[in-house]
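The two complexes that follow have chain A in common; it is paired with chain B in the first and with chain C in the second.
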Partner chain A sequence: MGAPDRATIFPALAAILAGAGATLALLLAETQWHVAVVALAGVAALLIGGRAGFGDAIHRSVASHHRVTSATSWLAGAVVVFLLREHNFELLMLCTVMLYVLAGLGLTVQFGFAGVVNFAAAAFMGVGAYTAAVLMTSTGLPHLVVVLAAGVVTALIGSVLLLPLLRTRGHYAALITIAFGILFRTFLEVNDTLGGPQGLKVPGLQIFGYAFNEAIEFDDETEWSFYTAYAGVFLVVLGLAYTLVRRVERSWMGLALDAVRLDETAASAFGLNGAAWKIAAFSFGNFLAGIAGALYAILTAFIAPASFTFGDSLLLLSIVILGGLGNPLGLLPAALVVVVLPEKLQVIQEYRFLLFAALVILILLLRPGGLMPRRAREYFPGRSS
Partner chain B sequence: MTHLLEVSGLSVRFGGVRALDGLDLHLDEGETLGLIGPNGSGKTTSFNTITGFVLPAGGTVRFAGEDITAQPPRHVARRGIARTFQRLRLLTELSVFDNLMVGQHLTLDHGIWANLLGRGRLRGAIARQTDEMRTLLRHFSPTLPDRLHEPVSALTMIDRRRVEVCRALARSPRLLLLDEPSAGMTPDETAELMRDLQNVKAARPSLAVILIEHDMAVIERVSARCVVLDYGRKIADGSYAEVTRDPAVRRAYLGEEADA
Partner chain C sequence: MSSTARALLAVLLATASLASAKDTVRIAFIGPLTGGVSANGLGGRNSAELAVKLRNADAKAKYSYELMALDDECKPNVGVQVATKAAADKNVIAAVAHYCSTVAMGTVDVYHRFGLPVVIWGAVLPDITYANDFKEIHRVNGTMINQNETAAKFMVAQKYKRWAIIHDTTDYGKGHNRYFSEYLQKNGGQILGTFGVTADQQDFSAELTRIKELKPEVIYFGGITPLGVRIRSQMDKFGVKAVFQGTSGIISDAFVEGLGPLAEGVVAFREGAPAEKLPGGKYFIEQYAKAAYSDPPEAYGPFAFAAANLVMDAVEKVGPDRKKVRNELNRTHDYDSVVGKISFDDHRQNAVPLITKFVVQGGKWLVWEDSEYASGKRPLVR
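Then we have the complex of A and B:
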């Protein structure tokens, strides 16, 4: 199991640096022109780099130095958060991006791995958000427990859809999830205990007595945005979820899910229980969406039915496809494009769906596998004997 | 004595068509049986019914002394019956290794600890499976073991066929159902595949095989006994020589050659 030709670590480090730099540049860009230039340059770099074979070089480099590069990536994330410590709005956007990536990880397991469609991802985030709001205001449960409970409740509520989902396929299954999303929103709007259309207020996060909604002051001069602490926590949660999803992919579990997606019938001839794997993938995905929703509720301090619409579900789905269906890493650039661009380009706010449609079509035309197409499974990167 | 596989009175209807009409079939451990018959005579349907993909309208399937009639495919697989498909059903975008591991599905540990947390056991299992699968592939081709991590889509037709047969052999089944493995291959390639299969059989003397085949020459070479189907009914059962002498078979299957 020696590593015969180990690639150097530099392409990987360069890629991490470029990624962190592009994220910072996009978040901090002031004028419309800067934003457009940074975003286009980033997308172009991914597209051209992929064509020129940089992607393969980076991939080999990452695989050869798996531990170091993943540690460096998370460190780079922490550095980005640190550098933004006094930029309230930018941090809020970064937090939002991280939560979209978290929900996108759930969708990746459902749709990308197992092939189970879900056009109600935002609704499942909503289930998590409302669960967290109710539990935080009416019980004294520690907030970490509340967030986990929101994930579990979301997975349980999602299981209502399991029976119809297992009995249908393709377009019909898609319609069922769309119906659920619409039902959920209508239910919220007519339900007075849950605030109706006006929604609910959500208290700030408290972990081990530390209140996250207070600004972080060191002395009279230095004051960090309170979003710094949120961003730090989200980074840890995202890190755990990402590692978990990657390990699912790089294991017998990921193989079983691929078999369910690609040819469930053939796989059943070898003993695979397609329904059980679909249930597991759907529930795990909804668990992640629920946690993302709970954190979203806490972050924005206020939730309403209008935050979890069918349009938002489509947005999440477009992130997953744009990034490269089945590749968790692709979620980050895709979420940055989809979440940050419209916020920054206020002028096009009303046209943002038009922009996404155009962008998604353009990228998928140039690169059908998405910005970062999924690669063949390596159970233990860099160790293919 | 009881046979390894005992099919009795098996009937299948597709609408008004009787795809299988009271089929009786038996097979012992280590035996090879050729299943022949014209197109639409019920060969593949009999495989699909034994393996649980198609529900029978009547009759029973017993395997190793137990009734497995109408059990779902995954339960049938659990008992040690593996099959190939006439039109290959490999997961072409996955590697050869991954495809073989689909065949090993029931052997693999899908637990949370091994896959997500500890991972040490997964590493050991992958190393072990890699060795095992290389050995298995080597029976069929000297070059295939080196292509273990390539996607199946990069392989030629004959190599894909070999991988599909290896996927079915991976978990060391007791009964192997081969659905026309020579389809789409040249006579030379077919002869090669059959020779390799016989080598595998020599190494696993208790393995029972049912082979669906159009080409009588292939059947003659590999199987001691054949069953001939026509319109869902068994019209002959015996050695190759007996069956080819049977007038009903000559009429139904060999057609004009019977008159020659």
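Then we have the complex of A and C:
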């Protein structure tokens, strides 16, 4: 403690505050002008902040005050949820963003850390979603167990792809995952017991006898949206998953994954089993995607094959790349852009995807490494090495 | 300023504020504005918007209306999102929603939970109204049940007895197969074989060879245009001589253009009627043309128009209150609209749906009654 090169905590707190504020502003913006202003301000902040070196200051400050900043982040998330407690739609969007970030975390481990491509992330979410739907309707398992089971089943089904994935590289491996995505959708569409193309209803979440689908009423005057409870649970799940992924990244496991991604031959010369690390990363990523899918099914209460298409997989992948490949923190702004922005552009109706696509291209033109590119590994966090 | 001028100004201001004193009532429109079926969504959107514009131009209307158009992308998860958006917005009194059945299946619960009265304008799956008893959900268009009931009765009346069925394995094709088979058997038709094919299948030699052996008089096809074109042309190559009977999904210009002379004598059925055949169709077409939209209203445009008017009439009658509007919509009986009379049954499904029979004659889809096939000049089987 008290090392001379410890940075002050203020940049980190300011960044968290700005992040929470931007999230709230984007979610609550109603007219197209508000949306445009918030989006442009966000992009400008990132660009100017990056040039002026705020990024480094924030980074040093976070690294020096790890506990305080992570506690503040949790608190900021809870405050955002609390402030939105009566806004059904905004909470639904926030929940969706959190689940996309959760799935994006899985993809980051696969693609960003281990270098295993996965063009079927939405299909894996779908596996989790359908597993949860079936388990919730046909068994009496507690719902928390169901969600975990959905993650495990997704990882197991994903292991079908392991053999072909380990034997191929690059584009060929990508094709295998694309094929899996198409296979998954076709399988669902011809399978009547899983609802066929028409989809399945999913019951609401119940944890320890508490039914999540009921609005939270205090008295006649105040009533919180039932999504508040969902958002709270998702925040906890996301926070745990994020912490876990961060710890993995910083540990010797993250180091091994990086080595395997950068040069598998060199890694194996140092005694690392490339195949084993890829299997671990792929399965863990699918586990997270499965959990995200299960929660998504419960949240929207209805799932159909059309919700887990190749296009959705690309959307997830674009979140990971837009955020900055391999940087879990970048997922949040990227998911906000990819999930919330098209929704906020509803006012321009059929032209919204045109504008949205142009904006994404613009962002990647100005920041080719994504909104928050991954930094070089620091072996002694907090010290300017 | 002189006192007269001031008085004049006051009067002017007063009238101006009187003219704009109408409360604004917000209505949501939800449909697929982007993606593969966006043509239908845009047609529906324009039609609903037209209804709102005409109503706002009407000096007698008690409220002025604002249409909030939302895009469901024909995807249930996006549908739930926008449905929540509309339903959670307390200013939205009612919605005119959904072309895609799978989206409507996902969103009905949302409307019910938030108590937003909704009139479905295009989705045809029966379950949307019949698998629940939500007082919020109404539908002005017919379902595939009605379409196939008419189809089966009509074809049996043409003295056909033996059918082979090819359907795609989407909800659309499977639903059509289910209801057509049901009504055909009820009416005494015989089904020799049923073949499910995927919507993007290219080669049908296996199915058609088998069908040729079965010697059906009619091939019933449940699916949409591209698949229908492929099957009909390959039927010709395999020398399968049978009447080709389709569903609403093949009634498009692309079907006739894709097949050329082979399309001759193909029959199909659709909910509703061509706009010009509708009771208020002429009025609708005129107004739609006057508004100069860049996209056509498509088949379900008049239904969206009728649904929007139905909703606005309910608001005019009972005021902008969701519960009252819902009860008013529930009571709809013999309501005059551009698509004919609307009466809701106990599941708030329009009980008098209109089904039109079509046949291709001389490279065009004609209403059966107007064709030379109906008058007996041309026979159906070549």
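Following the convention adopted for this analysis, the second predicted complex is superposed on the first by the 364 of 385 C-alpha atoms of A that agree within 3 Å, B and C clash if a C-alpha of one lies under 4 Å from a C-alpha of the other, contacts with A are read in each partner's own complex, and residues count from 1 in each chain.
Everything that follows uses one rule, which is that a residue touches a chain if its C-beta (ideal position, glycine included) is under 8 Å from a C-beta of that chain, and two chains touch if they have at least 3 such contacts.
Keep in mind that this is a model prediction, so the values were computed, not measured.
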| item | value |
| --- | --- |
| First (chain B), second (chain C), both or neither touched by A:Glu223 | neither |
| Chain B versus chain C as contact partner of A:Ser307, first or second or both or neither | second |
| Chain B versus chain C as contact partner of A:Glu214, first or second or both or neither | neither |
| Touching partner for A:Ala267 - first (chain B), second (chain C), both, neither | first |
| First, second, both or neither for A:Asp56, with chain B first and chain C second | neither |
| Which superposed partner A:Gln198 touches (first chain B, second chain C, both, neither) | second |
| Residue ranges of chain C touching chain A (in the complex, touch as defined) | 33-34, 38, 42, 45, 69-71, 74-77, 80-82, 84-85, 87-89, 101-102, 105-107, 109-110, 114, 125, 127, 169-171, 174, 196, 198 |
| Footprint of chain B on chain A - complex, ascending | 1, 244, 247-248, 251-253, 255-256, 258-259, 262-263, 265-273, 376-377, 379-380, 383-385 |
| In the complex with chain A, residue positions of chain B that touch it | 51, 53, 72-74, 76-78, 82-83, 85, 89-91, 93-95, 98, 101-106, 108-110, 114-116, 119, 122-123, 125-127, 130, 149, 151, 167, 171 |
| Contacting residues of chain A [partner chain C, same complex] | 87-89, 92-93, 96, 186, 189-190, 196-199, 201, 225, 296, 300-304, 306-307, 309, 343, 346, 349-350, 352-353 |
